[in-house]
Structure formats: structure tokens, C-alpha cells
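First chain A sits with chain B, and in the next complex the same chain sits with chain C.
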Partner chain A sequence: MNMIQSIIFLIASMVAISGFYIQGIEFIIANIRGQSIQSILIASLSFIMGFLERSLDLIILGIMVVILRVILINYFLERTIPKKRKFSVEKYLSVPYLLIVDLIFIVLSVILIYKFVFSSMILRESIAPSNILVFPLITFFQGMFLIASRKSTHTQIIGYVEEENAMILFGIFLLPIPLIIEASIFLDVLALVVISSIIVLEKNEHNPVEDLIG
Partner chain B sequence: MEETLLLETISQVLFTLLMAPLFSGIMVKLKANVESRKGPSIFQPYFDLIKLFKKEILIPSTSGIFFKIGPYLSFSIYLFISFLIPVLIPTPVIFTASADFLGGALLFSTASFIKALAAFDSGSNYAKLGASRIMSFNFLAEGTLITVFFAVSILTGTNNPYTTIELLTSNPLSDLSLLHLFSLIAFFMLFLFETGKIPLESKGVQELGMIDSSLNFEYSGKLLALNEWGSYMKQYLLGSVLLNVFLFPWGLFSGVPFFLIDIPIMFLKWMILIIIITVIETSLAKLRLFRIIDYLTVAFTFSVLFLILTEVISV
Partner chain C sequence: MIFNNTALPILILLVPAVASITFKWGNIKLATAISGIIEIFLSILLYIDKPAPGVFFIDNISVLFIFMVTSVYFLSSLYSIKYFSHHDIYISNDLYFLLFNLFTISMLFTLEINNFGLMWVGIESTTISSALLIITERNETSLEAAWRYIIIVSAGVTFAFISIILIYYVTGTLTMSTLINSSFKSKFLVLAVAISLMGFGTKSGVFPVHTWLPDAHSEAPSPVSAMFSGVLLPVALYVIYRIYEIYPLKTVYVWIATLSIVMAAIFLIYQDKYKRMFAYSTMENMNIALIGFALGGPGIVGALILLLSHSFSKAGAFYSSGNILRLTKSKKIDDVNGLYKNSPITAIALLFSSFGASGTPPFGSFFGEIIIFFSLYQQHFLVPFILVIISVISVFISINFNVTKMTFEDGKNNSKIDRTMEIIALISSIVPLAIGGYILILMGGLV
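Let's look at the complex of A and B:
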């Protein structure tokens, strides 16, 4: 592994670790900012790959991630939290339990999927070996687990955005998707966040079995 | 050859035994200076130990036999570990072959278990509280310790710490960047917990948040001295593993005249570690007691993640 590959691996693993941070923190505002940090890391990966591949698409993708993910989604979500409740936390949260369950879940799912699906795939060897795909997988499952494990609507939206982040990371590593599709996905997510931030104002906790209560 | 080995062994064990309190003293002094206090002399741990060895032993009437033999056992375990891991000499010494990395980790666990058990045997409610406190945190700490050692074993293909050190020094730095970083973070977090540094524990008898020092409540005289000395040695041993296997494996020599250079080198390495610890201790606030388990979970998560990445990245 050369120096550039090491840096790419390091940033990709930081994306996965920021997922653990989002999972482990109780403060809702820190959750939202954790998502921004994750997006900054993904944008920096996109820039590095863009410069290496000399591809304008990846650089534009990086700029879009910065504008839409880091700034706009953060802005819309933070605006829904009233100033008085800036330090609101999610109650009844057992962090060690969540982190360990998250870890077990991820280890099992990643190893299984990686062994059966991705290990035979050949990537652009010039940039990264194919096992870098483990990191988007880890991030994806963390997003899913975040939605499943939390009640606060803010955190569930963050979980959804995290899944989308994993998709972008897949896109960056796997094969260049046409820019127009990526852009439409971004705008789609932004619209979703804007709409759900209105729902948040109405109701900021969602339980999994709510519909059954009637 | 035989004499060289003997000399190296003696110097390694004696260095661990005699210098461990000094590093603790320097740490306290430096922290006091940073906080604009004069602080005790750097030789204060030696004075404390000498004073305690002169005092008589008081044994509570409610205590059992294990209360009396516990300190001797844990002290001798720490002394034995100093044969096993490369704390001064980078090549194997006498008795090194008797245990590997995992054996060392298990010995550390055994020593802390014996200490907790001996405190439990004292019959005092406070010491029992401390023992149960230690046990409720240690299950994650031991897991981290063993996982980090497992991961290093997978990475280097050997479970002997001396071979690991040789592999690390003979390979270029770029080969071990990411994996090394993860193991370093996990082990450093564990080191702060095991030696009772400030984000986890602030020491002193009047502290409510103490963990390790609560085990010494009922001890006095020689037994207390042995326990304290054991704690200093534990700090030195864990810190030296951190320095020699994870942080700076370079710069140690073996052979008759050369191994003497290891002593000032080890001293310099420890100074760097002490400065890092002082920065952490003086800039962070203490965590609440029930938050320590979160901290240890993060360390454990790092170590397991590292274990997975060892498998994934090392291609």
C-alpha cells in the first residue's frame, strides 16, 4: 500500500468511526454536527479521488457534498431545534449497550456480505484495493441501526442521511455514476430533510410500535 | 553468551523494580508544576515506601487469609511480568519463553483480580464497594487488552512480544500506519484507565470517584507498601509496552556494553509519555463514574474494529 492509498484508507475508516460517534452521542445537536463531519470526510475523499483520476465529476461531487450535506442539511436540521433546547438529549439511552450491539451487528453483517459478495469484485487498482468497500458497508449498516435504535426523529433523519452518505461513498469507490443522477439524489435527500424538519416541529419522537397502539 | 543473558535479565528486572516509583514521582511533580504548585519531590514515592515498610501491619479482625497473602501474590505477578515483556531489553531474556503476549495479558488480569479479591476479603464495606466497582469496569478493560494483543499477533504473525518488536523495527514506517494507529488509540485509552489517570479517576483517599485506591482502604504497613509498589510497577510495565510495542519501538539495543544505553533511552521515552499524560491530566475534566463504562466501550470498539481491519487491510 502506498502513501496515497494509506491516506484514502485512513479517511474512509474515519467515516466509519464517525458513524460510531453519531451512534454513541446523546446530544441531538452533536448528532447533526457529527453527520456534517462525516460529510466533510466524504467530500475530502471525493476531492482526493478527483485529483488522482483527473475527473471533474468527482470534484463537482465533492463541492456538492459540501454545499448540500455539510451546510444546508445541517442548517435545516439545526433550525428545528429551539434555542432553549439547544442541549436537549435523548433520554433513557444506554451508550455502552448500543455501541456493543452496533459493533456485533456490524461485524457479522459486514463479514458475511463482504465474504460472499464483494471479495470477488475488482476495483480500479490504481486507487484502492477492493476491500475498501468494507467502510461504506459499515457506514450503511450504522445508519440502519441508528434508525432502529433511536426514538428521536432528528436522529432517525440523521440515520437516513448516513445511509445516503454510505451510498455516495460506494459511488466514489465503485464506479463513476453519471453526475446528473448523483445530483438528483442529493436534491431528493435535501427535499426529504426539509419536509421531515417540518414533521419534527409537530412531533419529535417516533416509537417503532406506535401504529399498533391505535 | 550466558553471562550476557543473565546481565540483561538482571538489569531489566532491577530497572522495573527500582525505577517504577521514580516515573510516578516525576509525573506527580510535573503535574504540580504545570498547576503552579511546588509539588512533592520526585523521590517522594521512595520515601513513602520506606516509611511504610518501617510501620507495623494492622489486620482487621473480620479479614480472611487472602487479605494477607494477596499483596505478596500480586506483587510477585508484576515482578514476573517484567521477565516476559520487552520493558528494557529488546531481545528475549531468561524466562521469556514461558509465556507470550496473551500470557502477559492474562497475568495482568490475574493480578488485578487477586487485588480485588484480597480487598473483598478484608471484610470492610468500603473496600468491598471498591472491589465491586473495579469488577464492573474491568470486564471491558480486560477484553480490550486481550483484543489489542490478539490484533498485534495477527498483524505480525507472532504472539511473542520480542519478535513483534523486531518485526516493527525492521519494517519501514509506511507499512504499519493505519493498523498501528488504531491499536495505539485503543491501548492508550486502556493505559489511562489501568493507571488511574484523570479523565477516569482522580487519586486520593478523600475522593469519591476513586477506583484503584479504594482497594487499599484496610491495608497498612508492609502490605500497603507492597500494593503501592505493585501499582507503580504495573504503570511502568503497561507504559513500557505502550512505548516499546506501539509508540516508539525503535532505539533499543542488546549485547553487553550496548544494553546499558537502553537505560537513558527508556528514560527519555518515558519523559515523552509523561509529558503527554500531563497534558491530558491538566486539560481534561474527570468523567462521572458511570461514564467510565462509556469510555471503556469506546476503547473496546476501537480494538475490535482494529481486529477486523487487520483482516481486511493487510493485503
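Let's look at the complex of A and C:
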């Protein structure tokens, strides 16, 4: 692995680590900002690879990540938190317990899926080893686990955005899909976050409802 | 060819968009209903004058789906006008019809576009445009149902995006017309097709990712439930089928659909709310159609007959449910009785739509199901065949026992239902009978 590949590998691993950070934090505002950090890391990967491969598409992709994920999604989500609740935390949350379960779930899923499915994939020259694919996989399962383990609407939205971030990372490493489609997907995700933020204003915690059982 | 390649498909997308523009300046309700009539006419025209593959991909299968969407769109727009006319709603009437039109456009876009990536965008857009429709009659339960719909479906559809990336990785294209006629072989394509079943299956009611379905159907206002059940789920099924065509995984699809049908039959046994009951019936019907698509040949014909018939009968069932809800103010089966005495038209509509949804002869769905079951047997899927037959009988009993009880049990209610709402429900429930009649005439001709 050369130095550039090592840097790409390092940043990709930091994306996955940011997922663990989001999982381990109780403060909703910190969760939202954790997502922004994760998106900045993905944007920087897109820029590095764009310059390496002289690909305008990857550079535009990086710009879109910064504008839509880092700035706009953060803005819409933070706007839904009242000023007096800036330090609101998720109640009844056992972080150590969640982190242990999360770790077991992620390690098992990623090892199995990577070993049996993705290990034979051939990536582009600038990325080289296919084991870098474990990072988008970890991020994807982190997002999934965040949705399943939390009751707060905000955190569940972050889980969904994290899944989408994993898809961008996956696409960047494998073969970036055409920009027009990527742009449509970004706008879709943004629109979904905006719609979700309307629901956040009305209902910010989710518990079993008797009428919806069965 | 009357139109050039893209004019007619674009026109189909534009008409509801133009109706939406009247949001600020005109009568959006009337514009939506008129748009519905024009859309049905355009979908028929599209059948006569199918464009060659290009930006859009239109064949007989997609035309049938487009016809289903436009028909239920028209009926639901008419029903919505009356349904909300005397009731306060959380979002304004104008916003409701605006979202309703956008919802229809996103479904039509998914059915017309010749690119798997943009089909994914279309499916995701259906979630965006329809999520707020669920909370039209705002209450705690509908908010929770809308949220479950957003988060479960979005997470599932994101999972489906892995299949899109894998298809592009293996083939270097996402153009549907190129891919469904290709012969690519790769284990990653196998994975892509399997993932798409679970990912897009979230939207089309495949077990175990169906959990949003009964919640959203029961809490959405009835015209929206009709759109969900009658056309949204079939649109997701259409995407699954198109991806399946790239690399058919017959055994996997048949077994997962069979499991989903069995589970739907089990869930149906203990339902005590009529809208949830119809939602599980939708799950059953979608998975029978999925088996038909997976089997190919006559199975596809069976699936198309079933879906067409189902779209009208289930729309009728939800319109009838809306009428009953206005009459009794309750969603519980036990709270509804004496329907035939109090409101004979709604009672007949409910009975007919239940017969249609549960595959009773001579409704169209019966013939669709028979063709699929025959194909299943002929292709030696004996265990799935037996499981599906038992489940279908169980579903038939569960639905019709409850509906008969609601219709004929003694009871008195002095409330009145709007006559137009009753007639729309009746028309919708009679169409599957007409489809069945038409098939009988065709069969008579064959004999």
C-alpha cells in the first residue's frame, strides 16, 4: 500500500469510527454534528480520489456532500431543536450496553458479508485492497443499528442519513454511479429529511402504540 | 406513430404537474379530478402508441401498471373531494391535493423511466410525497404510523440501493432495456437481485420487512390507503420484477413470497380492525403476484390479471372502509354491524370488494390466482403450492367472515354517508367483476 492508499484507508476507517461515536453519544445535537463530521470525511475522500483520478464527477460529488449533507441536513435538523433543549439527551439510554451489542452485531455482520461476498471484488487502482469495503459496510450497519436501538426521531433520521453516507462511500470505492442519478438521490434524501423534520416538530419520541399492534 | 418517442410519456407526467400548479391560483380539487380523466385517456393512448426504448421504456406490462395508477388516481381524487369536504384536516386541502399529485407523478415516473438508478429515485420520491398524506387527519397514532412508514421504507430502499450499485459495478450500465435483454453472469448480480427483493420488498409487503404496511394503511385517510394498496405496492413490485428479469432467482423468490403469504394469512386471523385486515390482504395479494412474476410465462399473465383486479377491488375496499368510518367513527370490526340495513350501497361495495380481494369466482383476481397456482404446480413447486392454497383459503375465510358479520349482523345507525362516496366505492368494487366477466367471455370464445 502506498502513502495515498494509506491516507484513503485511514480516512475510510475514520468514517466507520465516526459511526461508533454517533452510536455512543446521548446528546441529540452531538449526534447531528457527528453526522456532519462523517459527511466531511466522505467529501474529503471524494475530493482526494477525484484529484487522483482526474475525475470531475467525484469532485462535484464531494461538493454536493458538503452542501447537502454537511450544511443543509445539519441546518434543517438543528432548526427543529428548540434553543432551551440544546442539551437534550435521549432518556433511558444505556450507552455501554448499546455499544457492546452494536459491536457484536457489526463485527459479525461485516465479517460474514465481507468474507463471503465482497472479498473477491476488484477495486480501482487508486484504492487497491478490497478490504477497504468493510468501512462502508460497518457504516451501513451502524446506521441500521442506530435506527433500531433509539427512540428519538432525530437519532433515527441520523441513522438513515448514515446509511445513505455508507452508500456514497460504497459507490466511491466500487464505481461511482452517473452524476445525474447521484444528484437526484442527494435531493431525495434532503427532501426526506425535510419531511421528517416536520414530523419531529410534532412527535420526537417513538414508543409502542396500542392501536398499531398486530 | 402519432407522437415522437418521448412526448406521450412526458405528457403523462406533466398533466398532474399542471394540476398541481393550480395550487396557488385555481381550484386544485377540480383540476386534479380533470387530470385523472386525462391521464386515463393518455394511458390508453400509450398502449396504442408505445414509444421505442430511449429515455423511457414502455411495454405492455408497464402500460398496464400506468393504467392502474391513473385509474385509481382518478377515483381517489374524486373520493377525496367528498371525503374531506365536511371535515377539518391537519394539512390544508390544497396541500393535500398538491402532495396527492406529486405522489402520482413519482409513481408514473418510476413506471416509465428506462434507468434503474432513476427508478430507485422514483420509489424514494413516493415516500417523500406520500408521508405527509398519512397525517392528513392528524392524531398521535397517525404520526407514529407516518414515522414508521418513513423510517422503515427509507431504510429498506437504501438497502436496495446496494443492488443498484452492484448492477452498475458488474454491467457498467443502468439502462433497463439493455439489461433485461442481456445475459450477464456474475455472483454479484445474484446478490443484487436477492438484495432488491428485500430492499424494494419493504415497499411491496414482503415478509419480514412489511411492518409499516398495516400501520400506514390503517391510519392514512381512506383515499390514500386506496392509493397505497391499489397502486403504490404494485409499483414497487414492478421494480422488483424488472430487476428480477436481469438474473432470475426463481426458487428464492417463490419461497420468500410463499413465506410472506403464509405470514399474512396468520396475521389476518386475529385482526380486529377492518383497515388493518385489508392491509394484510394486500400483502397476500402482492406476494401471490410476485410468485407469478417469478414463475414467468403464464404466471406473468396471472400476476397482471390479479394486480389489475386487485387495484380496483382494494381501492373499493378502502373507499367502503372510509364510508364505514364516517358512519360509525370506529375502526373496529366489532363496532360495525347492520351495514346492509343502514347503507345498502356501501354494504354491497364492501362485499364485492372483499370478494374481489379474496379471489372469489368469478372476480378477475380468481382467474389471476388460478393461473398462478396452476403454474406453481406445473413447475413442481409442490410444497409452496400446498402452503399457498391453505393460506389463500384461510385468508378467504378470515376476510369474508368479518365482512359478512359487519354487513348482515343486526344493528342500527342513523348517520348518513355521502351518496357520491358510496357510488365511487361501488364502481370500484364492480370493475373486478367486469374483468372476470370479460375473461369468462374470452374463455367461452376459446372453448
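Note that in this section the second predicted complex is superposed on the first by the 206 of 214 C-alpha atoms of A that agree within 3 Å, B and C clash if a C-alpha of one lies under 4 Å from a C-alpha of the other, contacts with A are read in each partner's own complex, and residues count from 1 in each chain.
One rule holds in what follows: a contact is a pair of C-beta atoms (placed from the backbone, for glycine too) under 8 Å apart; a residue touches a chain by one contact, two chains touch by 3 or more.
Predicted, not measured: the structure shown is a model, and the values here were computed from it.
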Chain A as common anchor, with chain B and chain C clashing or fitting: fit
If you stack the two complexes on chain A, which partner ends up touching A:L99: first (chain B), second (chain C), both, or neither? first
Could you look at A:V107 and tell me whether it touches chain B, chain C, both or neither (first, second, both, neither)? first
Looking at the overlay, what does A:V117 touch: chain B (first), chain C (second), both, or neither? second
Could you say whether A:I181 touches chain B, chain C, both of them, or neither, answering first, second, both or neither? second
For chain A, which side has the bigger count of touched residues, chain B or chain C? C
Go through the superposed model and pick first if A:I17 touches only chain B, second if only chain C, both, or neither. first
Report, in whole Å, the shortest distance between any C-alpha atom of chain B and any C-alpha atom of chain C after the two complexes are superposed. 21
Along chain B, where are the residues that touch chain A in the complex? 140, 174-175, 177-178, 181-182, 293-294, 296-298, 300-301, 304-305, 308-309, 312-313, 315
In their shared complex, at which residues does chain A touch chain B? 1-3, 6, 9-10, 13, 16-17, 20, 24, 95-96, 99-100, 103, 107, 110-111, 114, 129, 131, 134
Of all residues in chain A, which touch chain C in the complex? 117, 121, 143-144, 147, 153, 156-157, 159-160, 163-164, 167, 170-171, 174-175, 177-178, 181, 184-185, 188-189, 191-192, 195-196, 198-199, 202-203, 206, 209, 211-212, 214
Chain C residues within the chain A interface of the complex: 115, 117-118, 120-121, 124-125, 127-128, 131-132, 135, 138, 140-141, 143-148, 150-151, 154-155, 158-159, 161-162, 164-165, 168-169, 172, 174, 188, 191, 214-215, 218-219, 267, 270-273, 276, 331
